[in-house]
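Just below sit the structures, each encoded as structure tokens.
The following pair of complexes shares a single chain, chain A, combined with chain B in the former and chain C in the latter.
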Partner chain A sequence: MSMIFNTEWGYLEAITRGFKNGMLKHSDYLNLTQCESLEDVMISIQGTDYGLIFGGDFSQPSVEVIEKTLRERLLQQYYYIRSHSTEPLTTFLEYIRYPFMIDNVALLIAGLNNHRSIKRLLKMCHPLGFFDQLAAIEVATNSAELFDAILIDTPIAQFVPPDLPWEHINRIDVEIVRASLYRVYLENFYDYCSKLGGNTANVMKNLLSLEADRRAITIAVNAIDSDISPKQRLKMFPSCGYLPKMALANMSTLNDSDKIRDVCNMFEGYGKMFDNFERDADGMITLEDRFLMVEAKKNVQTFLQQFHFGVFYSFFKLKQLECRNIVWISECISQRQTDKINAYIPIPFD
Partner chain B sequence: MTAGTSEKEAAGQLLDNLYLDMFHLIEEHTQCRVNLERSNASGAILLARTRFQHGGSNSVSTAQIPTENSAEFNALCRVVDSEDGICVERQAVDKSKGYVEPLHWFSVLPPMSLRHAVSKFKDCIELVAESTNLQRQLGEALDWIAKLRQIALLN
Partner chain C sequence: MNHNEVPSDESKDPMRESRSESSDEDIRCLLDGLHLQMFHLMEDQDLLHLLVNKQTCRAGLILARVRLHHGSERTSAEAQLPRGQPYKAITRVIETSSPHGKYFRITRHPIDPILRYFRPLTTIFGRLVPESLRVANRHWDHCLDMVVECANIRRELQSTIDSIKKLRTTLD
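Moving on to the complex of A and B:
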């Protein structure tokens, strides 16, 4: 794989490493956190590798405008790499897009259940998750049609679990549908990467196992005191993680975060994620943040190896984290709560 | 004459007490408003934190909030006005009777930050009721002061 990698994908890997080198450094984040208004934030962003993305138009600074513009840059970078790629990289890059499609479908179902107009909902969708049949979801008058007529031709049809009772989708909460789709997606992606073999398989299996464990633990903790039965919870846990099936089965029955921590401690040492989070003021740094920090570190380490597809996956994950960091800083400034501004996740590039 | 003087003194005392009450009420009312703003701001930043942790504006989105055309539901929380002032009555969550949990509009698997935001916003409602009561008491105190001052002028 390494010998022929550069003939097909060497250019794209180089471009991705270039993009990664242009990401915001610690000094850029310091500049952003010291801004006093959203215009300052926009000017600071234009001073980084992003360049003149706002086009010099600061008439209506808002967090939404900043988020949308950053997203467009991510989109441009993604589509540049995707349009120059060949198989199997093309399929790999499509796999990076599928979670956005799943989120968009979940958003549309939730919005349509509340009788909102499809035009407004489409504007709220993430552009990376657009596919042709997205707008057609409105046409389905009931859920059975939704699957048989529309979703079956879409890329996410392959992620619908066979035991999901699609006729009764109205009775199942959207979040559970999303979690079930995501589980199948993650397991499919894991299998695909395993088949690719070589460095790609090693790197991606590591990253996807962490993601699977993180999903399982987060769902287990968030489902505490809810009406979701242990069997349903177990169906939402992806099984391709480091946590063995026994641990997952155990976690699905627990209703106490201390007991979940004990299970995590026994396998893989995830228990230390649970420490300290009660001591932080106002619940800012929680379990999810600790997982984000570990994920960021692992994604940066991906770049230490060459000739594998993991660099593309890691770059997009890190870029999304950077967008979220900038949006968080902007929200703190716009809400004038700058005491919490340093609660972003720093990306450990050095 | 002495009876008139002692009446004036009593009226003066009463006026002093009313002014003192007024100042205390102003202080409590302002403190209540400050707490309300703090609670609301905490709630708002926690919503932003939920979006940060879950990647994007879809996790907490206006699309998830019911509109006029959505299914009917009953209010979990009602304001009751009685002689003692405003108080807030809460119902238990009971899906069969139409009392839905608003948190479930956003997610049946709510993250910690969203749950904290819920408790902050619930505190806000209590503080609004308290602020209203204090404002009413302040209004009454000001009325009494105005009346007393008019009578004192006639003396």
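Moving on to the complex of A and C:
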């Protein structure tokens, strides 16, 4: 497998490892946190592996400009790898794009329900999630047409659950639609990686199981005190995680974070994720932070093995996290609240 | 009046002068009290301004945190803000009269979807609102109370300043 892997994808794995080695280190983050203005941040970023991404133009420094430029670099790296890939890596890389497509579809549905213009909404879409029929969503005069005429030919169609009442999509909460689509996507991706076998299956099943558990627990916590029925909540929980079905069924009925913690602690030791964040009176470190730290650690560990597709998935996850960290640092500087600037999610490369 | 009596000059009455001095003294004491009250109100107002600023900054930072956690997973608020569909305001500021004058107060209607009193957070951002957004919402809700309190203090301060001006005119 390793010989076959290298002949087909060895170059791409090497390129990806090179990209990963160019990611920001602890010293780079220290430089960024000591910046006093957004111009300083942009200059510091240009001193890293990003290079002259701002083109030397600092006339309009803003968090949005920084975020957009970082995203463009991520896009370039993704499409470089994607354009040089062959099957089954090509399909694997497409799976990395699907969450962005789901997010874009959710954004368009929400925006169109609130009578926003499609041009404005398309500008808000993530470029990694663009597909040809995206703009055609506006043409649909009703929700049934949205699926039957437009989405059915898109990659999203395979993730629409059969029991989702698409004809009444404008009456369903958009977050529930997104969670339902994402569940099917995650399970499909899990099955695909399992079929690939070898190191890819081992690494990706580990990562996707954590993602599934993270989503299930986050949805359970966010649905506390809402009017979402337990049956609806259970439908949104991905089932490919480490948490058994009994735990998911139990969590879907709970309306208290302590009880959800007890369930998680019983089965997979996720209970420690809930610790400390209640004592953080400022509300800054939450459950999501804990999960992001664990996810970052697992994604870094992916690179310890060779000849598998997990390196591509982990690189893009880590790169997205790096972009979000830089945006967080920029926001703190922009809002002149630098006391929490070090609360970014550390990526443990060292 | 008796023809033998000479009319007295009241302006030179020593009793009148002492009465006038004591009323000036009272006015000055009152002025001192009003000045003190003015300073206290200014202090309260500045304190409230600081608190509102602190809460607003805190909530803004929490929103940035949500961006860190979710990235593009959360739909942009601009797409989700409702347009065209009328909602009834749950929180209203009402001017009320009291024996001490007019003041502002906040009233909060209970949530009642039938009467179109919706919960703003879940109506706008969906029913799976992350904890960070809820915390930010609470900060801004608290800001509303403080802003109304600030308006009341401002009104009282203005009334105190007007009283001081009138008393000074009286003294002069």
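Please note the rule applied: the second predicted complex is superposed on the first by the 349 of 350 C-alpha atoms of A that agree within 3 Å, B and C clash if a C-alpha of one lies under 4 Å from a C-alpha of the other, contacts with A are read in each partner's own complex, and residues count from 1 in each chain.
Basically, contacts are C-beta pairs under 8 Å (C-beta built on N, C-alpha and C of every residue); 3 or more make two chains touch, one makes a residue touch a chain.
Being a predicted model, the structure only gives us computed values, none of them experimental.
Visitor: Based on the superposed arrangement around chain A, label chain B with chain C as either clash or fit.
Guide: Superposition check on chain A flags a clash between chain B and chain C.
Visitor: Which of the two partners, first being chain B and second being chain C, lies in contact with A:I45: first, second, both, or neither?
Guide: neither
Visitor: By the touch definition at the top of the document, which applies to A:D289: first (chain B), second (chain C), both, or neither?
Guide: A:D289: touches chain B and chain C.
Visitor: Applying the touch criterion given at the start, work out whether A:L121 contacts chain B, chain C, both or neither, answering first, second, both or neither.
Guide: A:L121 sits against chain B and chain C alike.
Visitor: Common interface residues of chain A with chain B and chain C?
Guide: Common interface on chain A, chain B vs chain C: 103, 106-107, 110-111, 114-116, 120-121, 124, 126, 173, 175-176, 179, 218-219, 221-223, 226-228, 282-284, 286-289, 292, 320, 324, 327-328, 331-332, 335, 337, 340, 343-344.
Visitor: Along chain C, where are the residues that touch chain A in the complex?
Guide: Where chain C meets chain A, its residues are 57-58, 60-62, 64-65, 67-73, 75-76, 78-84, 122, 125-132, 135.
Visitor: Over in the complex, which chain A residues touch chain C? Could you list them?
Guide: Listed in rising order, the residues of chain A that touch chain C are 99-100, 103, 106-108, 110-111, 114-116, 120-121, 124, 126, 129, 173-176, 178-179, 218-219, 221-223, 226-228, 282-284, 286-289, 292, 320, 323-325, 327-328, 331-332, 335, 337, 340, 343-345.
Visitor: If you look only at chain A, which of its residues touch chain B in the complex?
Guide: Against chain B, the touching part of chain A is residues 64, 67, 103-104, 106-107, 110-111, 113-116, 120-121, 124-126, 173, 175-176, 179, 218-219, 221-223, 226-228, 277, 282-284, 286-289, 292, 320, 324, 327-328, 331-332, 335-337, 340, 343-344.
Visitor: Applying the document's contact rule, which stretches of chain B touch chain A when the two form their complex?
Guide: Residues 41-42, 44-46, 48-49, 51-58, 61-67, 69-70, 104, 107-113, 116.
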